[in-house]
Amino acid sequence: MSDHVYKKIELTGSSTKSIEDAVQQALSKASKTLHNLRWFEVVETRGEVDEKGQIKHWQVSLKVGFRIDG
Amino acid sequence: MSDHVYKKIELTGSSTKSIEDAVQQALSKASKTLHNLRWFEVVETRGEVDEKGQIKHWQVSLKVGFRIDG
Amino acid sequence: MSDHVYKKIELTGSSTKSIEDAVQQALSKASKTLHNLRWFEVVETRGEVDEKGQIKHWQVSLKVGFRIDG
Amino acid sequence: MSDHVYKKIELTGSSTKSIEDAVQQALSKASKTLHNLRWFEVVETRGEVDEKGQIKHWQVSLKVGFRIDG
Amino acid sequence: MSDHVYKKIELTGSSTKSIEDAVQQALSKASKTLHNLRWFEVVETRGEVDEKGQIKHWQVSLKVGFRIDG
Amino acid sequence: MSDHVYKKIELTGSSTKSIEDAVQQALSKASKTLHNLRWFEVVETRGEVDEKGQIKHWQVSLKVGFRIDG
Amino acid sequence: MSDHVYKKIELTGSSTKSIEDAVQQALSKASKTLHNLRWFEVVETRGEVDEKGQIKHWQVSLKVGFRIDG
Amino acid sequence: MSDHVYKKIELTGSSTKSIEDAVQQALSKASKTLHNLRWFEVVETRGEVDEKGQIKHWQVSLKVGFRIDG
Amino acid sequence: MSDHVYKKIELTGSSTKSIEDAVQQALSKASKTLHNLRWFEVVETRGEVDEKGQIKHWQVSLKVGFRIDG
Amino acid sequence: MSDHVYKKIELTGSSTKSIEDAVQQALSKASKTLHNLRWFEVVETRGEVDEKGQIKHWQVSLKVGFRIDG
Amino acid sequence: MSDHVYKKIELTGSSTKSIEDAVQQALSKASKTLHNLRWFEVVETRGEVDEKGQIKHWQVSLKVGFRIDG
Amino acid sequence: MSDHVYKKIELTGSSTKSIEDAVQQALSKASKTLHNLRWFEVVETRGEVDEKGQIKHWQVSLKVGFRIDG
C-alpha cells in the first residue's frame, strides 16, 4: 500500500441467505464497474422481517476501498 | 412507511450455530407476542467460549422495529 | 463472575469461509497459550477482495476475556 | 426528578411535513397508552425520497422517557 | 445463556446518595413487574445541582436484561 | 429491497430557511444526475452566523442511498 | 480562516416552536456578550412533553465557534 | 426549562474517596463563580494509581449546565 | 511522562460493594504481576442482578496504563 | 457556502514522510479529476511497520468536500 | 493532579505548516489570558484546499485543560 | 493476511518533536520484545503544556497489530 491513493465508497448489499452473501452481492455488483477493489469494512447489519417473524433479507452496508492511481 | 409510528425494542438471541441463527431465534420468540415486526438492526455480537477455545454460543443483540398504530 | 478479575485482549482472526470461522480461528489460536477463556465481543469485520470482486478473506477483530485470578 | 424511576422507549414517527411533526406524531401515538411522558431525545433523522428527488416522508427516531413509579 | 432470548429495557433511577443507589432504585422498581432480571449496563450518569452547588440527585440510566422465554 | 444493491453518497445542502430545506436542496441537486434515489440519513447539522448572531445558512450533511443495479 | 484561533462553547437553547428557533434563541443570547460568532454545530436535540403528549419545548444543544484573536 | 438559554462547561474534579466526591469537588469549585448551576453529565472517569496498585485519586470529567439569561 | 512509553491493558474487576471497589480489585490483581502502574480509565460499568432485583456484583471494565521502558 | 451543494468523498493517501504529506498525496490525486475541492476532514490515521519496528508508510483516510453545483 | 479542579475549553488553531503548529498556535493564543494550562487533547483535524488541490490551512480542534483552583 | 491470527496491543508513545515521532518511539520500544509487527492505528493524540503555553510532549496512543501464529 506504499505510494497509492485509495477511494472508499459505501454500498448496501442484500441477501436472503446470510450476512456473508449480502457482502458478496455488493462486491460482485461493484466489480462490474470498478477495478482494483482491495478491501471492505462492514459498517451496518440490518434486515427485514416477514409477518411470521422470519428474516426476509439481510441488508449489509460496507465501505469498499479501491486504488485510484494509475 | 408513510403515516405510521414504529416502536423499537432491543433483544438478545443466542445460537450454537451462527450469527444469523441467533438473530432468527430472537425474532421467532418476539413474533409470538408482537405483530407487525418489520426490520431489525444488529447492535452487538458476542459469545461464550468453552475450556478448549470452542465457541459455545453466539449472543447477538438487535433492535427490532414494529408498527404500533392501528 | 463473582469475585474474579478478567483480562481482555484484542485479536484478529481470518478465514476464507465465514465471519464465524474467522472468530473461531482466533479463539483456537488463543486457547493454545491462554487458559480460562470465557467470552468474546466482535469489534470489527473487514475483508480482502480479489481482482474479480470475490471475497478472499474475512478478517474479524474481537476482544477475548479470560480469568486471570487463581 | 427526585425519587422517581423512569423508563425510556424508542419510537420512530413519520411526517410529510417536518422533523418536528414526525416527533409529535410519535408522541401523540405514545400518549394514548402511556401516562407521565416527560421528555424525548432525537436519536436518528432519516427519510424517503421519490423518483423526482422530493422528500416523501421524514422518519425520526426518538427515545421517550416516562415515570413508572406510582 | 444457552438457548435463551433476552430483552433489554432502558431505565433511569435517581438517588440523593450515590450512583450505586440510583441503579438499585431502578432495579428494585423493575423487579416488581418483571421476572428473570439478569444483568444491567450503565449508559449515562447525570445529576441535578442546587443553588449552592450541592448535588441534589444522581440520575443514572441503565439497560436491564431479562429472559423472555419460558 | 430484496435482491438489490445500493450505493450511499454523502452530500451537504445549505439553506437560509430550515434544516428540512437544506436537505431538500441537496436531494434536488443529486436527482439531476442520479436515478433511483431512495432514502437519506442526516449525519450532521451545522450553520453559519452573521455579526448580529443571526443564522445565515443551515448546512446539513446527509447520506443518500440509491439503487445501482439494473 | 487562515491565521486565526477560534473558541467553541456549548449552549442549549429552547423554543416552543421549532428546532431552528431554539438554535436562534441560543445564538441571539450569545451574541449579546460575544463578538465574532462564526458557526455552530448541533450536538443534541431533546424536548419536554406535557401530559397530553404535546411537545412543550424543544431544547437544542449546539457548539458555537467564534474568533478570539485580535 | 421553558424560554431559557443554558451554557455547558467541562470540568474535571478529583478526590481520593469516590467518584461522587470528585464530582462534588468540581461543582463546589464552580459554584463559587457561577450562578444558576442546574445539572451535570459525567463524561469520563479516570484515576491515578500508586506503586502498590492503590487508587490515589479519582479524576472525573463532567459537563455542567447553568442558565445564562435574565 | 516525558520520554516514556506506556502500555494499556483492559481488565474487568468485580465487587459486591461498589464501582470503586471493583476498580480497586482489578488494580490490586494487576499490581501483583505488573510494575509501574500509573493510571486507569473506566470504559464500561455493568453488573448482575439476583431474582429479587438486588445487585449481586458490579463488573467494571477499565484500561490500565503502565510504563514499559527501563 | 451560501446556496451551494457539496459532495464528500472518502480517500486514503499514503506517505513515507508524515501525516501531512499523506493527506496532500490524496488531495493532489483527487484534484486531477475533481474541481472545486474545498475542505477535508481526517477520519483515520494508520500505518504499516517493517520488521525492525520502523514506520514504512502513513495511511491517512480523509473526507474531501467539493462543490457540485454549477 | 491530587486535590485540584480543572476546566477544559475547546479551541481551533490554524496553520499553513502542520498539525503540530496549528495546535501550538491555539495554545499560544490561550496562554495570553489563561494561566496554569496543563494538557490538551486533539478532537478534530480538518483543513482547507485551494483550487490546485494544495492544502491552504490545517485547522485543528483541541480541548485544553487548566487548573482553576487557587 | 490469509490464514493468520493477529494480536493488537495499545501503547502510548511520547515525543517533544512531533506526532509522528511519538508513534515511532512507541513502535521502536515494542519491536524490542515483539516480532512480526505489521500495522498501527492512532487512537488518541494528547500532550502536555508548560507554563508559557509551549507544548512539552506529544503523547500519542496507538494500537499495534502483530502476527501471533508460527
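Order of writing sets the labels: A, B, C, D, E, F, G, H, I, J, K and L. Residues in every chain begin at 1.
The rule we apply is simple: a residue touches a chain if its C-beta (ideal position, glycine included) is under 8 Å from a C-beta of that chain, and two chains touch if they have at least 3 such contacts.
Computed from a predicted model, the values in this text were never measured in an experiment.
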Query raised in the report: Where chain A and chain B touch, do the two copies share over half of their residue numbers, giving same, or under half, giving different?
Result: different
Report task. Indicate the whole-number Å distance between the mean C-alpha point of chain C and the mean C-alpha point of chain H. Result -> 38
Query raised in the report: Listing for chain F: what residues touch at least two other chains?
Result: 9, 18-19, 30, 48
Query raised in the report: Mind giving me all the chain pairs that touch?
Result: A-B, A-C, A-F, A-J, B-C, B-D, B-E, C-I, C-L, D-E, D-F, D-G, E-H, E-I, F-G, F-J, G-H, G-K, H-I, H-K, I-L, J-K, J-L, K-L
Report summary line: The residues of chain J that touch chain F in their complex are 1-9, 63, 65, 68-69
Query - chain L to chain J touching residues, read off their complex - result: 18-20, 23-24, 27-28, 30-32, 35-42, 64
Requested in this report: Using the touch definition up top, name the residues of chain I that touch chain C in the complex.
Outcome: 9-14, 16, 25-26, 29-30, 48, 56-57, 59, 61
Query - Of all residues in chain C, those that touch chain A in their complex - result: 18-19, 44-49, 51-55, 58
